[in-house]
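In what comes next, subunit A is part of two complexes: it sits with subunit B in the first one and with subunit C in the second one.
Moving on, here comes the complex of A and B:
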């Protein structure tokens, strides 16, 4: 999976939760889930669950805490996928 | 100074009509909302009929965002928010998620239990050691105050935002609690009402204690028969009713439509003493609740034109009529009109008091007394006390001045409200 493909998958996952359409359209690895996409902090938990389902991985609490922007989400997913 | 309190908006999600217009039409015609429920049959319930409001996905999206509906599994909160927002809009306020915070308006919106289906989902996950997969909705849906929390956020309410719970008295109690808050100047406006979930998990307990009817699975619309000789138990229902209460001053300032006035009421308990138990009413306390409400409203018992009863279609209907008769000291042809909305929608549990109060105020506002259907042969116990003609079989065009509404609930709790036709003077 290329990094662009991964971003596209993430885009589909976060779409229901975003509250800033402009930032969503221009989503890059630097995009912050809460500050840019305006995702409600409680919904971040749901984003994590949806990522787990999509990639068939499990995120520990530590990874969840780090997952604040697109880049950290990509890193975590990449690491988890490598370890499978 | 005590404020006069008026009703300036109403909303309803009932088994026989969603929205005030459809509901009004249905209750005038005596339309039953009771239907056969295959799910209850599959689960081997004795009573396989129930009242469940019908809502389209399209309608839900007028009140909730797709995000809010994601992983949402709460019929009670859904009904409560729709009825509450409708009452808000009906009172002339805008439904705008970016509206300014309003410290003068609050909500008391009751329920018996919140989102039992979401709770069930959560419990299965917890038992499967999947706590971490509960998601964000578990707490906000299953906390008892879920419905008032959702409403408070949707409308930007800054006064008291809470949920009351007193079994089948819940809805009537919520209205009185909001009324008192405005009367004593703690708020200018209160959105009051109550809701109750649909489905087997909320209705099962009643089926288990055999208070629901098992005799009408083949003819659901005839199932709920308050005051009838063949009454054989209640039919479970669900939904929500809501009212925008407002100080008369605030209503006049806004030039709002006034549906009616609340002139008094009473809330009490029989303390499970005397004839009272956890599930049966102490007759003395019921009568006192009614007489104290009359006293509070500063009227005479002869002023009551219509009784909107609790009247569930169980064997307690006769006792309720006896209590009213003793409390009012009226009987025979001198008894007020008496009817039960449950004949059409079943017993909507914690939503009963609010939906029935909406019906009471609609009748007062428009000048009609809705029919109490399925009361073909008045129960002999009741006929011994009142003239059967006092139970309308068809809608009566009649401009009542005062309607008394009472609800009674498990825990031996009672509430009675006195509604009055509003006259500008």
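Moving on, here comes the complex of A and C:
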């Protein structure tokens, strides 16, 4: 999977929860889930669970702690996928 | 310092927390035990959630590290509407108000003396809600401190924490803003 494919998959995952359409359209690795996409924190739990389902990985509490922006999410997914 | 969090119960469907894995991701084993043995698990989930969130806001104001770690904020309830949240070496007190439609929690160090105001939105846009809660805070501060509304501004600092300015000079009034669904809330301390 290329990094662009990964971003696209993440875009599909976060879409139902975003509250800032413009930031969503321009989503990059630097995009922050809460400050830019305005995802409320309860929905960030849903994003975590959706990522687990989509990539068939388990996100432990240490990984979840860093789940604040797209880049961190990509790093977590890439690391977990490598270790499978 | 003060933190607050509001949860709109009309938009948090039970599906959300009953989703497989939700409780395990958010709550400690003790908290999960409380929830699963409660007569009102739905209310308890969001009560504990709002305790964690309001404590997190205080923790951030105190220079805490930004993180998404709800489990690290461990809740204890003394009464239905009063509790404590432990994180690292810090302890916060919380008090909550709940109705059928919302739960609102305030986190503070030892006691809270201040103003709390809730607002109900008709507009669902995040941007407009944020504007309205900011305006509410400024109006209340202007009223209670007897200062000019027009000279008040709210700006975020480098750590994304909102701060109050009066004629471009920082006002050190502890406050906290939150919004969720159709509700917004502001609190500030009277010092």
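We take it that the second predicted complex is superposed on the first by the 84 of 84 C-alpha atoms of A that agree within 3 Å, B and C clash if a C-alpha of one lies under 4 Å from a C-alpha of the other, contacts with A are read in each partner's own complex, and residues count from 1 in each chain.
The rule is simple: contacts are C-beta pairs under 8 Å (C-beta built on N, C-alpha and C of every residue); 3 or more make two chains touch, one makes a residue touch a chain.
These numbers come from a predicted model, not from an experiment.
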- Message: Output check: A:28 vs subunit B and subunit C. Expected answer is one of first, second, both, neither. What do you get?
- Response: neither
- Task: Could you tell me if A:20 is touching subunit B, subunit C, both of them or neither one (first, second, both, neither)?
- Result: second
- Query: Given the touch rule stated above, what does A:67 touch, subunit B (first), subunit C (second), both, or neither?
  - Reply: second
- With the two structures laid over each other on chain A, which partner does A:12 touch: subunit B (first), subunit C (second), both, or neither? neither
- Message: One more residue to check, A:3. First (subunit B), second (subunit C), both or neither?
- Response: neither
- Query: Does subunit C touch more residues of subunit A than subunit B does, or is it the other way round?
  - Reply: C
- With the two complexes superposed on chain A, say which partner A:45 touches: subunit B (first), subunit C (second), both, or neither. both
- Check subunit A for residues that touch subunit B in one structure and subunit C in the other, and list them. 40, 42, 45-46, 49, 52, 61
- Message: Under the definition above, what is the set of subunit C residues touching subunit A in their complex?
- Response: 7, 12, 16, 19-22, 25-26, 49, 53, 66-72, 125-127, 160, 180
- Provide the residue numbers of subunit A that touch subunit C in the complex, in ascending order. 19-20, 35, 38, 40-42, 44-46, 48-49, 52, 59, 61, 64-68
- In the complex, go through subunit A and note every residue touching subunit B. 16-17, 40, 42-43, 45-46, 49, 52, 61
- Touching subunit A in the complex: which residues of subunit B? 66-67, 70-71, 132-133, 135-136
